[in-house]
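Here come two complexes built around chain A, the first alongside chain B, the second alongside chain C.
Moving on, here comes the complex of A and B:
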């Protein structure tokens, strides 16, 4: 997850900085072109085959898919509303968690941690990103869910108005949308930290020193100079983390409870688009598979949209810094 | 209280306003310093909170997983516990074989194409190359479940191959491709142009410069990218979940259904048998160890690359 995200950042810089000599045609360049065309074909097939398989659903039940929340297998109707709302609820709460903790973490790594510990912390963050998502799901299901059920959920419900936000749980061994959001938040944290750390670290040193020399405290320097300079890039990191959260599958499938009902009580079990595909696919046939493919198309559009916004923001940040 | 009242007693105007200014500025400075300290401390707290899940997760993994590991765990086939033998869970040899087979076939499919495309992107500056780069970057972040849907509709359904290892390998190969492409391109572009020019000046043909000069200097970067891609593929559940069929034998055959370690975790985590839920921790420990070894190897390769350059 996280090394890839950073690689994408770097590749933009490297591409901008280094123009190779033109290569004349030879057998070697032909091999390269064949590979490139093959990859282009794979990517076209990737989008095309998923869209093609989902076509019957769009033609016959497109409206139902987007507006109804009733999913009745195996014959339909197949309404995707509960998965769509579930995706947004879990991702946005996860994002709030990841941004608050991640911003503090990035600032600490860049400004407050002694230089020799920095590599250790960076390695730890990378390890956090390398842990397979099914292991996070397992941990959430077997360790955090029982703890939530016994300790956290009753405590949350003690507050006034809590019943309207959280609702009553006690189903499905403590699995809930809130638990899914927390696990997701932990999982997208490394992605957010990886990008935001890079963005914060490249804020020019002389800007920072200028503000310190005017008598600013360290926090004032960070709040008034570093964060505003890095603002656009930080939004880029946020959108990338959001894209990752919407696409996360097995962890959500394990801890959200896999129940299709559109509601906003966070302690009720729910599901997301990706998780629903994972849990339903094995037992479905024909029209239901087509409906799941249609959910896949929605997920793809959502993910590509968020990723493109993130790319645009991060590259605008680079231009802003070039001007400074 | 008395101090405060004394301070506010009327004195000569000029002295009073001077003291007033000093007092306000001192207060403001104190407030700024305190705010700064608090916020710095909060940032540190955020860092600690970020570390908690990692430590807790690794602790639980070793605590609950290590006890599961024994010879049978690695060599026996899985069993479903029964009322008579509630602890007979067998081993996970089929999942280990399946994971290795899936990753192997996926690597065979993805590595040659990925490296060639990466070199292509690094050596050309056409519109086509730019488009491919954007596609690779977008695919690198695409949800992995979509690779499973693609493999299902293309391999399992259209080509009518059925739920097999090769379908899972195809899904994993599509997942690995963009990662390999991006890191290969970076590695090749990072080779100094002076090396290329030196090769060309000696009269070497462009393809010889590329294969004999550029690729050998870029090989550490490429290997790092390949290892990262493999370590990502090993742990992925979603794409293989849809297409590999979950076989119960030790099968290396590409056209047989197979199991995989992430799949075994996903399916047994909700098992009603406590013995199976306990065994899952063992599988998770082995899987995480596998992935950590791969990513640390990649890191060591990468740092070796930097040492060579410096």
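Moving on, here comes the complex of A and C:
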């Protein structure tokens, strides 16, 4: 170390700086503290006001909201069951689509695509996340919906059990829960790929080589060493993608049909919590607003829960890799 | 470095009669994207002996070792030229699939790397499972015998289903050796297998290598010259050339390399004059 640096380290000011009480607070640290307090206050106020406005519904119609699917504007009753089931149906089907396609994409990007194309493909997939959701919604409505109506839905209706799963009423709708699921699946794909690719790519090279050195094929290496090692992180990616799907609003509002129906059939129009709030909010007042706020609370808790699970899983994966 | 080793011996050593050859290297060179990393490697690895590859960093020891079980195959731009012959078959051009080769030429890595999601037992038999062996009695037998060979059985036999990550570093490395031995390979490649271990664990691995000689030929890369002197029978000394490519300087019995080398650079290195 050069003598000047040593001198600075020894200088009284720096030594005094080690005891917090002795340092006078500069003006910018005060600004930062104020900003942090403001932010905390806004967060608490935000969450608090949503809970507060939803309170009447929880107190007087809490049971109806969770168990009934009849939503009658403007006087009630306000049953949220079909939005809740719609949210789960569309998100879970979307997740299945995204995980199957996404896992294949991630594995290909890491192991099979030549190195010089790797970044290009990865960037392209991740750019899908930058497309505004209203564009996805329009694309689903204008491009996929007519095709579903004319080609896919009649074909699906020919299958055994179609009536129980899809709802074969003889009428074909373009917008449906299935369409919403497909559009959602494509929308959450980049989220899943971005995280799962990373999780797969950081599996240590020497573990992979160890399996190859034991006579494993490339595919055995992926299936029995890479994926199990990355497993927890892959679940983390799955939950984060699920959180995105449950909260997605505009696209679902456009392609699901915005109908509060008491049914699970995939080819019927339906809605989700987020989409329903967006479509109903403008024309609602009084108790209906409170009911929508209550739906918002459910959605918020669901999303926060999923995000927490996802974060816990990703950090556990980090610990696993740290031990490897 | 001990002075005793450094004193050149004056006695005339009668050339040793060479034993059967396990692997022959003829003009082996490895390049990455056209840049040579190591070249001119010609020597014979004798059966049931420990051959060490020594030399300073950048001399291509590890690169050469990884060519011996075709681990460079997956590296884009990697090219291995020359011939590596295992029991009469050229491992790159001969009639031997890469997975078959790797079951005959096993590898132990620098970092103890048991598969983290597998138990001790599953790690030990993982090679057999990769190769399609499912019969439980066969797997049980292989697990026990390979763990015994790696001097690990007594300490783990009661907890075979425990995750391998619970073992100490030295135990993990012995598990990796057991994992490789379960396939009953002819050659065991070891890439600085003790560099991540403490001295006691290192000593145990060294003892293990000596005891394994009777059933497997060992090729070991080490940066530790005392280790090479202690455990190896033959020794290849590599050095980085003018163009930063590693090359073989000298190959002989370890005794000769350390006591009476032909090339002055070998002497300088073993004396610790550079490194």
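Rule of thumb we're sticking to: the second predicted complex is superposed on the first by the 295 of 324 C-alpha atoms of A that agree within 3 Å, B and C clash if a C-alpha of one lies under 4 Å from a C-alpha of the other, contacts with A are read in each partner's own complex, and residues count from 1 in each chain.
Convention: a residue touches a chain if its C-beta (ideal position, glycine included) is under 8 Å from a C-beta of that chain, and two chains touch if they have at least 3 such contacts.
None of the values given here were measured: they were computed from a predicted structure.
K.L.:
Putting chain B and chain C onto chain A via the overlay, clash or fit?
P.N.:
With chain A as the common anchor, chain B and chain C both fit in the superposed model.
K.L.:
May I ask you to decide whether A:135 touches chain B, chain C, both, or neither, giving the answer as first, second, both or neither?
P.N.:
first
K.L.:
First (chain B), second (chain C), both or neither: which does A:228 touch?
P.N.:
The second partner, chain C, only.
K.L.:
Tell me which partner A:220 touches in the superposition: chain B (first), chain C (second), both or neither.
P.N.:
both
K.L.:
Figure out whether A:240 sits in contact with chain B (first) or chain C (second), or with both, or with neither.
P.N.:
So A:240 only meets chain B here.
K.L.:
In this superposed model, does chain C or chain B come into contact with more residues of chain A?
P.N.:
Touched residues of chain A are more numerous for B.
K.L.:
Touch test for A:206: chain B only (first), chain C only (second), both, or neither?
P.N.:
second
K.L.:
Applying the touch criterion given at the start, work out whether A:108 contacts chain B, chain C, both or neither, answering first, second, both or neither.
P.N.:
Touch status of A:108: first partner only.
K.L.:
Please work out how little space separates the C-alpha atoms of chain B and chain C at their nearest point after superposition, in whole Å.
P.N.:
Superposition on chain A places chain B and chain C at a least C-alpha distance of 6 Å.
K.L.:
Would you please give the residues of chain A that touch chain B in one complex and also touch chain C in the other complex?
P.N.:
On chain A, the overlap between the chain B and chain C contacts is residues 217-218, 220.
K.L.:
Show me the residue ranges of chain A that touch chain C in the complex, using the header's touch definition.
P.N.:
Answer in residue numbers: 114-115, 204, 206-207, 209-218, 220, 224-225, 228-229, 231, 320, 323-324.
K.L.:
In their shared complex, at which residues does chain C touch chain A?
P.N.:
The touching residues are 69, 71, 74, 76, 99-100, 102-103, 106-107, 109-111, 113, 115-118, 126-127, 129-131, 165, 176, 179-180, 183.
K.L.:
Quick one: which bits of chain B touch chain A in the complex? Just the residue numbers, please.
P.N.:
By the definition above, chain B touches chain A via 32-33, 35-36, 39-40, 42-47, 49-51, 53-54, 56-57, 60-61, 112-113, 116-117, 119-125, 128-129, 132-133, 135-150, 152-154, 157-158, 174, 177, 179, 181-183, 185-186, 189-190, 193, 196-197, 200, 205-207, 210-211, 225, 228, 231-232, 234-238, 241-242, 262, 265-266, 269-270, 277, 280-281, 284, 287-288, 291-292, 295, 298-299.
K.L.:
Please name which positions on chain A make contact with chain B in the complex.
P.N.:
1, 3-5, 7-8, 10-11, 14-15, 18-21, 23-24, 26-29, 31-36, 38-40, 42-43, 45-46, 49-50, 52-53, 100-105, 107-109, 111-113, 121, 123-128, 130-139, 141-143, 186, 189, 193, 217-220, 222-223, 240, 243-244, 246-250, 253-254, 274, 277-278, 281-282, 289, 292-293, 296, 299-300, 303-304, 307-308, 311
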